[in-house]
Structure formats: C-alpha cells, structure tokens
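Note sheet for the following structure.
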Amino acid sequence: MRRDQVTAALSPVLVNLGALLLTVAISMGVIAVSGNDPVAAMRALWDGAFGGRTQIAGTLSKMIPLMLVALGWIVAYRARRVSIGFEGQILAGGILATWVGLSFSSLPMVIHLPLAVLAGVVGGALWAGIAAVLWARRSVNEIISTLLLNLIAIQIVNWLVRGPFQESTGTFPRSGPIAPSARWPELIEHTPLSWDFPLALATVFGIWFVLKRTTFGFRLQFTGANEEAARYGGIDTRSVTVIALVVSGALAGLAGSSLLLGGESRSMSDNFSANYGFEGIVVALLARNHPIACIPAALLFALLRQGGGLMEARVGVPSSVVMITQGLVILLVAGSGFLLDQRGRVRVDAEESTPHPPTEARRATVEVG
Amino acid sequence: MAPLLQMTGITKRFPGVVACRDVSFAVEAGEIHGLLGENGAGKSTLVKILYGLVDPDEGRIEIDGREVRIRSPRHALALGVGMVHQHFMLVPTMTVAENVALGLRSDRPPLSRLRRVAAKVAELSQRYGFHIDPDQQVGELSVGLQQRVEILKLLCRGAELLVLDEPTAVLTPQEWQQLRGTMRSLADAGKAIVFISHKLDEQLSISDRCTVLRDGSVMGTVATAETDKASLARMMVGRDVVLRTERPPRAPGRPVLEVHGLHLNAAEDRCLLADISFTIAQGEIVGIAGVDGNGQRELVEVLMGIRTATTGTIRHEGETVTRLTPRRYNRIGAVIPEDRHRMAIALGLSVRENLVLKDFCRQPFSHRGITRPRVFRDFCASLLQEFDIRTPSLDVAMRQLSGGNQQKVVLAREMHRDPGLLIAAQPTRGLDVGAIEFVYRRLLEHRERGGATLLVSTELDEILSLADRIAVLVSGRFVALLENRDIDIQELGLLMGGASEMVAS
Amino acid sequence: MGPFDQATFSAAVLLTTPLLLAAIGELFSERAGVLNVGLEGMILMGAFGAYWGQWWTGNLWLGMVAGAAAGVALAAVMALLSITAQADQIVVGVGLNLLALGLTTFSFREVFGDRGEIVLDRMGTVRIPLLSRVPFVGEVLFSQTPATYLTWAIVAMTWFVLYRTTWGLGLRAVGELPAAADTAGINVALRRWQAVMVTGALAGLAGATLSIVRLGLFQENMSAGRGFLALAAVIFGRWKPLGIVGACFVLGGADALQLRLQAEPYVPAEVWLFIGLLGLAGAAWTLTRSRRRASVTTVGALLGLAAIGVTLRAMAPTWSFPPQLWLTLPFVVTLVALSGLAGSQAAPAAIAVQYRRERDV
C-alpha cells in the first residue's frame, strides 16, 4: 500500500521529467540543424540565466507573469473552463495600470502604486468578465471568445501607443514614462527584480489555500468534477464558474500590471504581453495544474526566456527555438498524461470486471401469484 | 437438422468468480428462446460471448452445425447473429435510413445510396408491420419505434438470430404488446430470437422455450407451455417464496409537502407537466409510478428548485416555497437523484468529498469560508460505519466503489441529518439484491421516524411494496392517485400505459 | 455606394477564400468529434510550406501541394496526440499553435534570413467566360483566382461527401455517437484520423492562399488569427457547409469593409445607414423567428441601433476612427454573431469527447 502511494506520487514527476528530457533532446537537435553547437548553446543558456546577480534577478522577475498566468489557468480549469485569453487579459490589465500610472502622478507612492496594481487586476477581470458573461448568458464557447478578445486587445494596445498614450515626441509606438510613484521598488538594487516578486509568490500560496481549504474551492472543485451533481447538491454552478473565470482574468491582469510597473520596463509598448499569456498555460500544464508546482515550472521557463537572449547573442541560436521548445513541452506533457491515465484505468477495469456490471444490474422481479 | 445455434459447455472465469459454468443451450430457427436469471446469473456474459465481446475459456459454439469462434460484434453479424442492446445504438440526429445505412455495405461505394436503403427499410417495415417512416429523424421516434429501428438494422444485415437484451425495460405495456407481435411475426418468418428478461410473465407469454440460469449454471431448459410461474421462480432463485417488505400501518401526520396545480412548459409551449397536485404527510411515502420519460425527472427538478414551475404552488410545512433554488431545497429536504453517476456523485473525486457535498458550508465543517478537514474526516468515518459503506479508505476515488456502495454514499450524505422531506428517484436502479434491501430498510426507517418521502420509480414492485399512496404519471399528468390497498400490478400497468381512471384518494 | 462598391465586394470574396477553406476543413474534424484548436497553426504551416515549396520548385501549384502537405504534417501530430494518445484536444491544439509559430519563424529565418524579401509570382485572376460579363456579380464572383474557384468546388464536394457517401455518413455518426458507429463496424479512431488529415490539408491550402496566392510572400505569424475566426465560423455556421459559407462571407465581408474604411479620412455616411438597416433587419428577424420568446430588450436595443444609425446618416458627422480599431471589426462581428446564437444544439454531440471502447467485460 505504502509503496503504491509512493509510486503514485512519483510517477507524474517521472513522466514529466521524461517529457522534459525528450524536449531538451529535440531542441538540441533543432539547434544542431541550424548549424550551431548545442553544448555551447546550453552553456550560454545557463550563463544567461544564472551567470550573475543581474541574470538571476532577471530570471526571477520573469517568473512573476508566468506564475500568475499559470494560476489563472488553474483556477479556470478547476471549473473545467478552458480560457486561453490570458494575452488579452494581460494587455487589458496593463492598459488600465498604465493609465493610472500615467495620470495622478501627484499621488504619493503608498496610494499610487496600489491603485495602479488594482487597476491592472480590474482590467484583467473585466476583460475575462466579457467572456464569462457571454458564456453564462449566451452559451458562447469560452475558448473562442477569449481568443477573439485577445485579438481585439492587441489592436486596442496598438492604437493606444500610437494615439492617446503615445509619448510626447510622437515618434515611437510606446507610452510616456510611468510615474515613479506607481512603480514597484527594487528588491535587489540595480536589478530588474522588484517587490512584486514576493507578492506573486504569496499569490501562489494564497490560491493554493483557496483551492484546498475554502468553501469556494470546494464548490469550484465539485462544479468542475460533475457540474450536474454539483447543481443537485445546491451549488450555484453558474456563478461559481463565472467567478472562476473572472478571478483567472484578474490574475492575468495582475501579471499585466507587473510587466509594466515592475521589472525593466518604463513604459507601455505594443505587444508587451510578449506571449506570457500562452507560456503561462505551459507552466500550468507542466505543473499538472498544481499551484505550488507552478513555482519550479515557472523557473524553468523563466530560465529559457532569460538565457535565450544570451544564447542568441553568443551562439546565434534564434529565439524562435525557445517557442518551438515551448510547443513541444505542451505536446509532450499533454501526450504523456496518457501514460498516467492508463495506470489508473487498468485498476478501474479490474474493479468493474465483477459479474455485476452496473448497466446490466437490474432487480429480478419475482412474484409468486 | 442441426439447431441454428448450439452452445456447449461454455465456461468463463473472471478473477475471483466464475461467470458461466459449463453452460449449454440450443436455439432452433423459428423459435423464441427465453433466457431467464437474476442479476449476475451469467446472462450478460453469455450474450457477450455470443456477440464476440468476450472469449470463453472453454466450450464450443456452433452455428448451423459448423463450429465457429466469434471474434467481434461485426463477425457475429456476418455469421447472422444480431443484437439489440438495452441502450440503443442509434444516432438521434440522423434519419432512420441513415441509421440503417451506417456501416452497411453500399451496392455502389463510395456512395451511400440512401434512397436504396430507405426503400429496403420501407419494404421490410411493410413485411413485418413495423410502421416506420425511413425519412423520419430517429430522435423524434418513441422508444418502441426506436427499438424497431434497431431490429430493422439487424434484418437489413441479414441476421438470422436476434438477441434482445432486456428489451421491455423501457417500454410501456402497450409497446410491449406490440413488441410481442413483432417477435412473433419474426419467428414465423423463420428467424430465431433469444429473449433476455428477468420477468417471469413476459417469459411465459412469449417464449417457446426458456433456459434458466442461476449463479452461472444452467438450471434447465423448459417448454413454457408446460411450466408455470412458481416453478420458474423456484428454478431462478432457488427458493420458494420471495420476501415482500413489511410496511407497518401508520397514521400519517401533518402535511409536509403540498403541491397544487403544478404546470411546467418547455420552449414552444410543449407541456412537460400538467396540473400536478398532491400532498405528502409526515410518515408517508407517496410513490410516483410510470414509464421513464413521462415527466418524473421534471417533477423532481421542479420540486427541488432546479426548474421553476410555469404555474402552480408548492408549500412546505405551510410555507409557500414555489421559487426554490437547489440550495434552499437542501435546507428543507434531501434528494436521491435518478441518475447516480450524472446527478449525485462526482466519480473523479474522493469518497470524502462526495460525502460532505451537502454539509461543507455549514458549521462546524467550515468557519467563515475556511473548511476544516479534520471535522470532515471524523464525520465521514462515522458515516462509513453507520451506513456500512465498504471502501478501502476515504481518499479513494468514487469510481472505485461498487454501484451499491456508491448509492450508500449518496444515502449517507442525504439521510444522516434526518431530513423531514426526502425525494428518492429510482433509488435502487442498478443495484444488487443486498443493496436494494438496504435502501428499502432506510426508506422505511425514514417513514417510521415521521419523514415524508416522494418515491419515484419505474419498478412497480418497488412502488407497491413501499408506497402508502401511488400516483401514476403519464405524459406529465397524474392519471390516478390511489391508496395502496388491493391494487394489483396489472391494474397499475394498465394505468401506466395510459388507461385513465381518476380515483380520488 | 461609398464603401459598399464592387471593389469592396470583390475584396470580400478574396478575403473569404482562406477563411472558407480553413472553416470547411475544420468542419470535417468537428463533425467527427475532434475540436481542432490547432487550426491556426495548420494555416501558418501551410502558408510557410507553400511559400517554401514554390520557391524551391518554382511552380505555384507545387507550392500549393507543399502547403497542404505541411498542414497534414501538423495534423498528424494533432491526431497522434489527441486521438491515439487521447490527450486533451484543446491543450494539444494550443501547443500546436505555438509549435507552428516557432517552427515557421525559425525555418523562415534559417532558409530566407540572408536572402532579403523574395516576392514570388502570384496567382493571376482567371475570368470565367460569359459569367464574368454579368454586371457586378460577374466582376465580384467570376473574376477571381483559380484558388477561389477551387475553394468553391471543395465546399460543394464537402457537402456531397458528408451527406451522400458512406464515408461521410460514418464520419457524422462518429461525431454524434461513436459507440453506435463502433458497433456498426466503423473504426472510430481511424475515421477521426482521416477527418483530421483532411482538416490539415484544407487548412494548409488556406495558408497557401494567404502566402503565395495573394501576396507571393511569407511573413511571420501571417495567419493573424484567421484560424480562430474560422473556428468561430464553424459554430456560427451551425456545423453545416452552407451555413459556414454564409458565416465566412459575413466575416470576410467585415474584413474587406474594415480594410476599405481604414483608408477613409472619416466614417462614411453609408456606414451609418448600413448600421441602421442592420438593426432593423435584426429586429425583424428576431420578431418573425420567435415572436413569443423575443425579449423586449433585444428588440428595443436593435430598434435603438436602427434609430442611431439613421440619425447619424442624416447628420453625417465627420468622425474619424483609428485604423487599429477598424482591424478589430471582424473579431467584434464574430463575438456578436456568436452571442446572438444562444445555445449550440447543432453541435456534434461527441465533440471534444474521447472515445474509448467500453470493455465492460
């Protein structure tokens, strides 16, 4: 029994490691195909991510949006809703955060910064709220609606950085500088790592607690496991789901605000979401939808991002290799889930192979007249 | 001449059990051959062997005197063996002709030539008196007609031996009469039919011969003309009399639930429930009898607030509760939903999580939105004991429990708080005898304690042995509301089939 | 006529072509019960494959074939993971989109990075004799590229295959009730594989029309969300070939219109009139379709829209609208269209549901 439990706990880790090793192998193959030295590329990747104080800080700061988006996916997926609108929600959150950051610059930091962060959260929540309401009221598939909302948000940002938000010279497609009072203070001096990192870590544990130990978490879990049974059990599954979608958007919006108020950026430019919205999904999948496991998974992807730059500069490996790697991770992790399922299923089959299959079972109506 | 089908010495073992032990029987062309037996007697394993889904460990199968090894359902069909499953394998959004054409070899591939198929369907339908329009959508047909479409599918594929697996479970008495006619005309045309049913009356009224199975062994094959119900029952269960539940008389108390003039309309003004009125008093079980799909599910859903009635009032202990939500209903009553897997439990979650569904947001299970796992654990452990739920631990997934234990989890969750009102829909569906007895005992205990119960069931025996009063639901209306005294099962069956007779209670 | 002239309609037909190809392709998958979110990636692969194929062979038609092949290659991964390994269809689709974006960007830079922009020969328009001389309609419908005609032929064939062949009958059954198809002797997994392959080929062709047919160029991420629009068009078209044609023309029309309007200094008065008429038509349609269930707010809102449109037409204000926001028009139209169709009873019942044969032995 104990050995069984250990195997059960270890097998996802092992399967994940297998998938990752395979991904690394394929990626090195791709690098070799592009005429570069895979070993040198890996060394560059490592140096770029952990080579010094600045590099490590950069890696850690890149974990922030990845963790937050992964949490967003996990919350929505608990209700079995597939939101792939994090790009759009990051942008929407970033827009509102930037707006607050550009205006009210006379406010003191203790008010201005929280206000800007809150604006980001609200922005993401509102953008996800559109999809949530369309789902609840009009049964619009959330996959399609969140994707369309991504595309719309991208164009709105494009317009803003060339229109209302554009910096004063009017030459570059980016906003003016965000007021210092709305920016996260540095956590380690002269590095991109700021105080939103501990906030993101706290959020990870907070979401973990909410899902595991609160009545809302229980409702969410039951709704996702069997919506109809949850409804019979007195759970208002529709509002639970809407809340889940909105919270997931709020998390992405927080990520959006962090991208603009913390780190290296000083202003909003187009495409500042930089694919974090999709990469975060990969992080969640790699973490097998467990909030805490998002921390190491996000570290891995932050490493790729941070080190990828040096890999390109030093060895000449194009950054699109990183994207290929991400795609492969999703596919291999999703595909290898089959191995885990298979183990569970064999047990269930054995369980059902008694001569009392539930479908056939029916009472013998015997009456002796 | 060799019989059309001869099974000799068939044995099949599963880990821990022998499903079939040295089973032999033969079916002649033009014969209706009954297969009779209780749950787990080996009927379904035998049929699966015949249909190529299970390989027997020992024994031989001969068709038309030639020994065969049946590898798959498709192979079985090629050998002339066709099967009508309990759950129809029909695509509701397609027409009859399309369903029949599915998987049929076309005379001019790759075209499907639906007109040809439709003509064939029309011709066969004519020959056997099926009254099927090949161009109608299957989803619009009644259950009885859908069953005929299943039979047509097999006839179009040249089946000589038809296996009907519990075909009457979903039929009204009228439809059963029509199915009898159909079976007879098929047999007259030289087809052989294996008719599986655990209902003695049905076996006696249609089968020519009947093979009785018990615990995986053949108890004997008898000509039905030369036997009677009592001896068949003895062969099947191995004892003389079957217990009937003791239901001590009890004077009903105050009314708990009063329903008056309930109507429920769906979109396009289709009427789902019409003019439903009844009361349930303390210590009373009111049974709702009827064939599946006559509004039972809708009635339950209205009563527990999942749907809102179009008109009518519902009162609980004198207070009007017409605009309920499931959450509010759960405060006044409990429910055992009709479809366990869909509406009652989450198979992927643990036993613990399924047990606390109704209690997790109450004190002491949670406090200000934070749950208390330790309280859950103690509570669940006591329920396991009280309701005799057999599970390796509280953390195993619900799907690993047997059907009976799953239903006990539902019962434990719903009944541990002595609800004043209980809605029990098909509470014994799919359970074995032991679990059924457990459910009955619990329902009667609830009645003893003065609880009010609404029992919805398609099993007439269940209704007759448990209910104090019986309402018969046909097409969303009560055709009768009777005291459960001196009613016999035939009378009830007649009412369920639509013979209206309004008797005041 | 303003922006609603022949040029806009011609452009609408042109822009509809890749959308229609991709959506019709997706129809095969979805009718078989596979929700293929990787459509966007397949289009992108097709676009690059076609460009590379034409550059390599020097032949445009071979380029088209290469595009289809690239789509099929990605579709094979989709089928392998989501059907054979039974992974979550949506997750796999998302992964494929990323993979395709990475692969095409990488390969494009590897192969063409140092060569500068190479513009290949585009596909010329072919005027169909007689028909193209019909005023207006002839110019709009019958003076297009062969790729467009091919698309129409494919749509017609799709209808025929789905509704008149045994293969199509089995395909639809697999998407509705796989167990029924299985008992009828149809190999469910194989049929789904075939359907996904067809989707890959058609999505690849759709990509080819984007790159080599229209521009003679490849650009990174040039599919630009068309795969998602095509996914929406399948829903909007209620999973029927003809419905999808209608949906794609609406979306393609919106795209053509926004391209046209981007060039206008301010919003032309005809647009306001069009909005007004749209509101009126919507209100009339709502009322005739289901008088009983038409909510007062819906009809009121539509009539209000009509009133605003007509008023603005009369005032003809010189309002300008940023081009970036015009770009969102097709997406907004899609969202509105989807929310106008409450419920999705028309969806194949087994969509995105894995099929495992029940071994209830």
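List of remarks:
For reference, chains read A, B and C in written order, and residue numbers begin at 1 within each chain.
In this text, a contact is a pair of C-beta atoms (placed from the backbone, for glycine too) under 8 Å apart; a residue touches a chain by one contact, two chains touch by 3 or more.
Bear in mind that the values here come from a model prediction, so they are computed numbers and not experimental data.
Chain contacts in this assembly form a complete graph, since each chain touches every other chain. Should one ask which of B-C and A-C has more C-beta pairs in contact, the pair is A-C.
Between the CA-based centres of chain B and chain C the separation comes to 45 Å, rounded to the whole angstrom. In terms of their C-alpha centroids, the spacing between chain A and chain C amounts to 28 Å.
Across the assembly, chain B contributes 14 as residues in contact with two or more other chains. Residue positions of chain A touching 2 or more other chains: 353, 357, 359.
Contact of a single residue of chain C with at least two other chains is seen at positions 361.
Those residues of chain B that touch chain A in the complex are listed here as 14-17, 19, 37-40, 42-45, 86-87, 166, 169, 198-200, 216, 229-230, 233, 236-237, 240-242, 304, 306, 325-327, 329-330, 335, 337, 342-349, 353, 356-358, 360-361, 366, 369-371, 373, 399-400, 402-403, 428, 430-433, 436, 459-462, 489.
For chain B in complex with chain C, the residues that touch the partner chain are 14, 48, 53-54, 73-74, 77, 85, 89-94, 98-99, 101-104, 106, 109-112, 114, 267, 269. Here chain A touches chain B in the complex through residues 213-218, 221-222, 225-226, 228-236, 347-348, 350-351, 353-369, going by the rule given at the top.
Residues of chain A touching chain C in their complex: 30, 34, 82, 84, 134, 137-141, 143-145, 147-149, 151-152, 155-156, 158-159, 162-163, 278, 281-282, 285, 318, 320-331, 334-335, 337-338, 341, 349, 352-353, 357, 359. Remark: chain C residues 164-170, 172-173, 176-177, 179-181, 183-186, 292-293, 349, 361 touch chain B in the complex.
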